[in-house]
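Presented below are the structures under discussion, each in the form of structure tokens.
In the two complexes that follow, subunit A is the common piece, with subunit B as its partner first and subunit C second.
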Partner chain A sequence: MRRTAPLLLAVLALLAAGCEKKTRQPAVGEEQKGGAEQPVVREAPGEEDTLLLGEVGSLTGAQATFGVSTRNGIELALEEANAAGGVKGKKLAVRVYDDQGKPEEAAQAVTRLITQDKVLLILGEVASSNSIAMAEKAQPAGVPMITPSSTNVEVTQKGDYIFRVCFTDPFQGYVMAKFAADHLKVKKVAILQDNKSAYSMGLSDVFTEKFQGMGGRITTRESYSQGDTDFRAQLTAIKKTRPEAVYVPGYYSDVGVIARQARELGLMVPLLGGDGWDSEKLFELGGSAIQGSYFSNHYSPDSPEPRVRQFIDRYKKAYGGVPDSMGALGYDAARVAIAALERAESLTGPAIRDAIAQTKDFPGVAGTITLDENRNAVKPAVVLQVEEGKTRFVTTVNP
Partner chain B sequence: MSELIQHLINGIATGTIYALVALGYTMVYGVLKLINFAHGDVMMVGVYMGYATAFALGREARSSLWGVLLIFLVAMAGCALLGLIIERFAYRPLREKPRLTALITAIGISFALSYGFQLDIGFLPGAAPRAFPQIIQPVQWFTLGDPEFPDVVLWNWQVLSLLVAVGMMGGLQFLVYRTRFGRAMRAVSHDHRVAALMGIPTDRVIAVTFMLGSALAAGAGLLYAIKDTSVSPMMGLMVGLKAFVAAVIGGIGNVPGAMVGGLLLGLVEEFVVGYAASTWRDAVAFGFLIIVLLVRPGGLFGRVAAEKV
Partner chain C sequence: MDDAVVVTPGKVPGIPAPLRGLFPLLVALPVLFGLQWALSDAPFATYLLSVMGVNVILAVSLNIVNGMTGQFSIGHAGFMAVGAYVSGVLSLALKEVAISGLPVVLSDQLFFVAALLTGGVAAAVCGFLVGLPSLRLRGDYLAIVTLGFGEIIRVVVQNTEVFGRALGLSGTPQTSSVAMVGFWVFVVVLVSRRIAGSSHGRSLWAIREDEVAAEAMGVDTTGYKVRAFVVSSFFAGVAGALFAHFVPIINPNSFTFVKSMEIVVMVVLGGLGSTSGAILAAVFLTLLPEGMRSAFTAMSEEGSSLAQQVDQIRMPVYGVLLVVLMLSRPQGLFGTRELWDVLPRWMARRRKGQS
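Take a look at the complex of A and B:
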């Protein structure tokens, strides 16, 4: 057996090679699959002349596009800063670790960044559950952390070293409730939430509270677990309550399938969601079933603002494809970090923390960033509608 | 009432897939007394083979009758080969070793497949879920209730899946109880040493059993992919586990037991989610297993059936 085991693996690999090669070729939207580059280390030569930042993201796993987009945005910001001479005369570099979308891996990566790589500050994650796990490591170590796009309230409550450059779920839930009540003018909404995700449960709670406050009715709240592929039982129960819309505050990897099965069961009402929908994979997984549905988001790629257009052009040139909001927020988070490093009196944890906390009226591509006393950004949200292979800007909702 | 019908349709669709996968567990257990934990992952590999074939065929050809048959054929043949290789190189060398060794090997293969397929090197698909192409053009065959909120919807592919599943089960039943090879299989399952003394080529019988089970898994996997559209390398773990539960509920080693167990489990899950809380689904599924084992330790069909496969 000792000799046959490697042989077995080799044979398995060969077998799969024979059958699977074609997988990579055509497929709709397949080219964009940025799934799984190896962890990238981008360092300028000469250790002493380099300021090292850390990043943790889901470069592989079910939510891989989140991590990849964020990393692209951060890289772009660093390249620009380095081209402009770096910070305090030193070049910037970032060390990226993949957490496969798992909180325990994210926590481990942070420990490694702090103890082994001795980074100045940490950027990440997208999923709130992962950011919370990271914050629990970064806060006691006194290393500042900026999450580009985690919206759950709890993340920045972990301590005074934890910041975010996006809005929070109470606001995002309010945005969709308001949109449903005022724009769609619906009265009865059902909810399908992901009970394994802090993000989804938080949004669902806020939406319920706000929507009921506006005179709407929640017909039922059903749950699923991330990674399920059969939602028919929940959707059948939802259909029975005859809602006028269904709020699905989940991640794109599940939402696409949910949309297909809802339509299959004859539930044709629009689906509503949050920024977890924002990925071009949504169009592939949801097909025509997801078209016509709405979600709240950090920015719209349709925005005419010059700094947004400029960012989108650069991003397209570097990575191909329109940046989603994770890309935009990764870019913003890195630029806020760079500006803070430039302002900080010294390159110690407390000094950098204080510098980040002073961020005010910072012109980000996903809205102007002012950090409040709870270290959250206060800024407007947009509502987008899904069309064939792209999104369309519908409206902006201010805080 | 009409909601109940919809839940029945959903539950049977899920249940048939559990049943088909459970058949593979049960057959292998029957001849080897081995719980092949890699079975669900073999199913996953079959789905990706079907996926690759579907894309190789292109949009037009893959939804034609011959295209669909070819997809099933490639996936089932490929998985049969994979089953053969796993049996030959992983399990056969351990045949005379304690049973636990083979069990742990099975878990190892399961992880090697499900995590190996998450890599994004070369041919491997990477971890992100993908949409399985619509190889059967969906047609609504039947609706009930008002058109805006139909109470019951039945699609062509749901009926086709059920027919394919029943066909596969029928074929297996015939093979096991009506053919010479089936008799050899049953003999091996009774006692493979004595069977060998009677001149039955036990190694070959076991290898073919593995191939059959794996091919069935590939078929079940494709039905699953047609039904739920999203495929990912981890899909085999949970389906495999549920199918294993189904096989134990029905009485592991028993062919009709696996089918009944699969259908029961699918329906129980559907009704729990539909009428109680969706969070309870897995807890009830596994609780159901515990209750069945308390009342009938051999599973529903475990004792009454004299013959095992």
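Take a look at the complex of A and C:
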């Protein structure tokens, strides 16, 4: 009797393991039938009445709000397209996999999307490391991939199937440097960067270079690690150098706390930041301390443009709350993809890729999108000021 | 000596003693190459099997320390990171180099093996440095030191340009294969089983049961503990090195404390001290999330919100399953026994053999 329990569990575990492989192998075999030339195989989904897209996002983990917003945006775009009759007479569907914010999970999910689900096109990832992991898998398989919001330059360098609909880190650093020099007219800026994030380091590198090029001076460059709760040592060091503004290109979760502690220490200068600030949570975490600070962003929720107003209304109705820029970029990415599918001569990888590459003056909610020869979007950025519980549009900076 | 005979599978009549050691290898290699050939066109199965293999190596190697020796190490992901980054950087440096006179594929594989061994040795050296001072002590000190070590490695990587900082190291040649991962799984299992059956292993068991008594019986406790720890870190390093050669980008986020805990969970779930338990638990826990993905996609209609929400609740479900398993079997699946011990048929045979 004592032995039956472990035995049963062992058998169950084996069963689970065994089943897994069996259900998988036939699907794999199917792909082999079509041969290595994936474009030929990819015609197969066309015979069905739905076109399947894939998305990988961090629905759980540290940056879950980004992943969820992106998914919401994509879902909204698909719903609209389906309501308008779909693409080429077929309905669209998206299959979403969670990667827990880890690159190996992202690679696994994207491999699954490509080989098991045979998606036509992949949308995904906010974090650049995860997008790179996905791109390395999508490129050799010949499946086009559009990242809504990975700003690191390296992502689209992985190959000609990889696109993005947002601007890149260097541009964002440049935007803030230009804004600080021309609009705020400050000369001395201190930097507080997040050592744990490539995004933050990239932004502060470019900011330093551009701002110094515009005649400004970086008084000091301090670092913290994402998830720290005490920034007083760095802020005290920054305060000593008497800057006129502090550039904090981190994520909203840390920035709120940094702002509070800066004000406690009597550091009253405005904080400057990037699109990592963009979350409803920022107002909650930063309270009154964050008010009056500026950050560069992809889009402004109070833009008067009708297409932006319409998008915000629909998003609010479906998910409650104003969409952040990840939601807007997810929406844009999905719409660029849908438009490309519509234009593509056939539903093969190369045809879809060529169609995406032709995207020009596409009216996205986060700015007009034109893809350049490096498959990056050329588009303006906006600078927003934080007010009580909302942001205010300040200016647009063009590339 | 008697016990050693029981666990050594090489009791084949007519084969000279020195060749018996090679016997498992002769069985393993054709199987691995067959598997490799069968999976050559299945990237997803290959990827999943590789992840599974790496997890098995990690769990089995951690079992040598946590299970057999009874020391509590919770920094295995740190050693994995050492192996991954050292071998990744080495492979990246040797990317454009090939040994003259050899086909490129072969020289790539040779470099890959070299990178694996370097990664393993680097991790073993770290294991020695970490283990030597902390294993002299008793109790929970090793846990704290290994926890700290894991965090230090991560912070070092994040701040070092060569290791790609926070973005991670990408562009490492993807030379890993199912056969190579499988081969190392085979090696780690073989080593673990041989250690368990040897006099060395007996000393480890003695330390696990009662350190004072073991010392009184003349067991050099520190020496044995450090050696077990170094072997364990070596294989963690190899696992990390393999990982770096099939995951397109390695990033500090992959080697967090959570990863260490995942491996501890595998060992505890399988039963502390049971090699086959660790293997089964690693296989089961790697396939479980993917299996749930399959099940949920199959159950829900395409495009329905269930399919979309479900991926988010995979991890909580995983947690609940673990809690249930631990409540129903606190000693793990097999306790300290092995798979063949709990299978009744084998049980009967063993009794007959011993009496």
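Here, the second predicted complex is superposed on the first by the 352 of 399 C-alpha atoms of A that agree within 3 Å, B and C clash if a C-alpha of one lies under 4 Å from a C-alpha of the other, contacts with A are read in each partner's own complex, and residues count from 1 in each chain.
Here is the rule we use: a residue touches a chain if its C-beta (ideal position, glycine included) is under 8 Å from a C-beta of that chain, and two chains touch if they have at least 3 such contacts.
Just so it is clear, the structure is predicted and the values come from calculations on it, not from any experiment.
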Next on the checklist: After the superposition on A, what does A:K137 contact: first (subunit B), second (subunit C), both or neither?
Outcome noted: second
Checklist entry - In the superposed arrangement, does A:K239 touch subunit B (first), subunit C (second), both or neither? => result first
Next on the checklist: Tell me the contact category for A:V94 with respect to subunit B and subunit C: first, second, both or neither.
Outcome noted: second
Checklist entry - What is the contact status of A:T60 with respect to subunit B (first) and subunit C (second): first, second, both, or neither? => result both
Checklist entry - Where does A:E264 make contact in the superposed view: on subunit B (first), on subunit C (second), on both, or on neither? => result first
Next on the checklist: In the overlaid three-chain picture, which partner chain does A:N195 touch, first (subunit B) or second (subunit C), both, or neither?
Outcome noted: both
Next on the checklist: For A:K102, using the defined touch cut-off, is the partner it touches subunit B, subunit C, both, or neither? Pick first, second, both or neither.
Outcome noted: second
Checklist entry - Can A:N152 be said to touch subunit B (first), subunit C (second), both, or neither? => result second
Next on the checklist: Quick check on my understanding: which residues of subunit A belong to both its subunit B contact set and its subunit C contact set?
Outcome noted: 5, 7, 9, 13, 16-17, 19-21, 23-25, 36, 60, 100, 195, 225
Checklist entry - Which residues, counting only subunit B, touch subunit A once they are in their complex? => result 3, 6-7, 10-11, 13-14, 45, 48-49, 51-53, 55-56, 58, 74, 78, 81-82, 85-86, 89-90, 93-94, 112-113, 116-120, 122-131, 138, 143, 148-151, 153, 155, 224, 227-230, 232, 234-235, 238, 269-275, 277-279, 281-282
Item to check | Residue ranges of subunit A touching subunit C (in the complex, touch as defined) | outcome: 3, 5-7, 9-10, 13-14, 16-17, 19-21, 23-25, 28, 31-32, 36, 50, 52, 59-60, 71, 75, 78, 91, 93-98, 100-104, 107-108, 111-112, 114-116, 128-129, 132-133, 135-137, 141, 152, 154, 195-201, 225
Checklist entry - Which positions of subunit C touch subunit A when the two form their complex? => result 41-45, 47-48, 51, 155, 158-159, 165-168, 170, 243, 247-254, 280-281, 283-284, 287-288, 290-291, 293-294, 297, 302-303, 307-308, 311-312, 314-315, 325, 328-329, 333-335, 339, 342-344, 347
Checklist entry - Any idea which subunit A residues touch subunit B in the complex? => result 1, 4-5, 7-9, 11-13, 15-17, 19-27, 33, 35-37, 60-62, 64-65, 100, 195, 222-225, 227, 229-230, 232-234, 236-237, 239-240, 242, 253, 256-257, 260-261, 264-268, 281, 284-285, 287
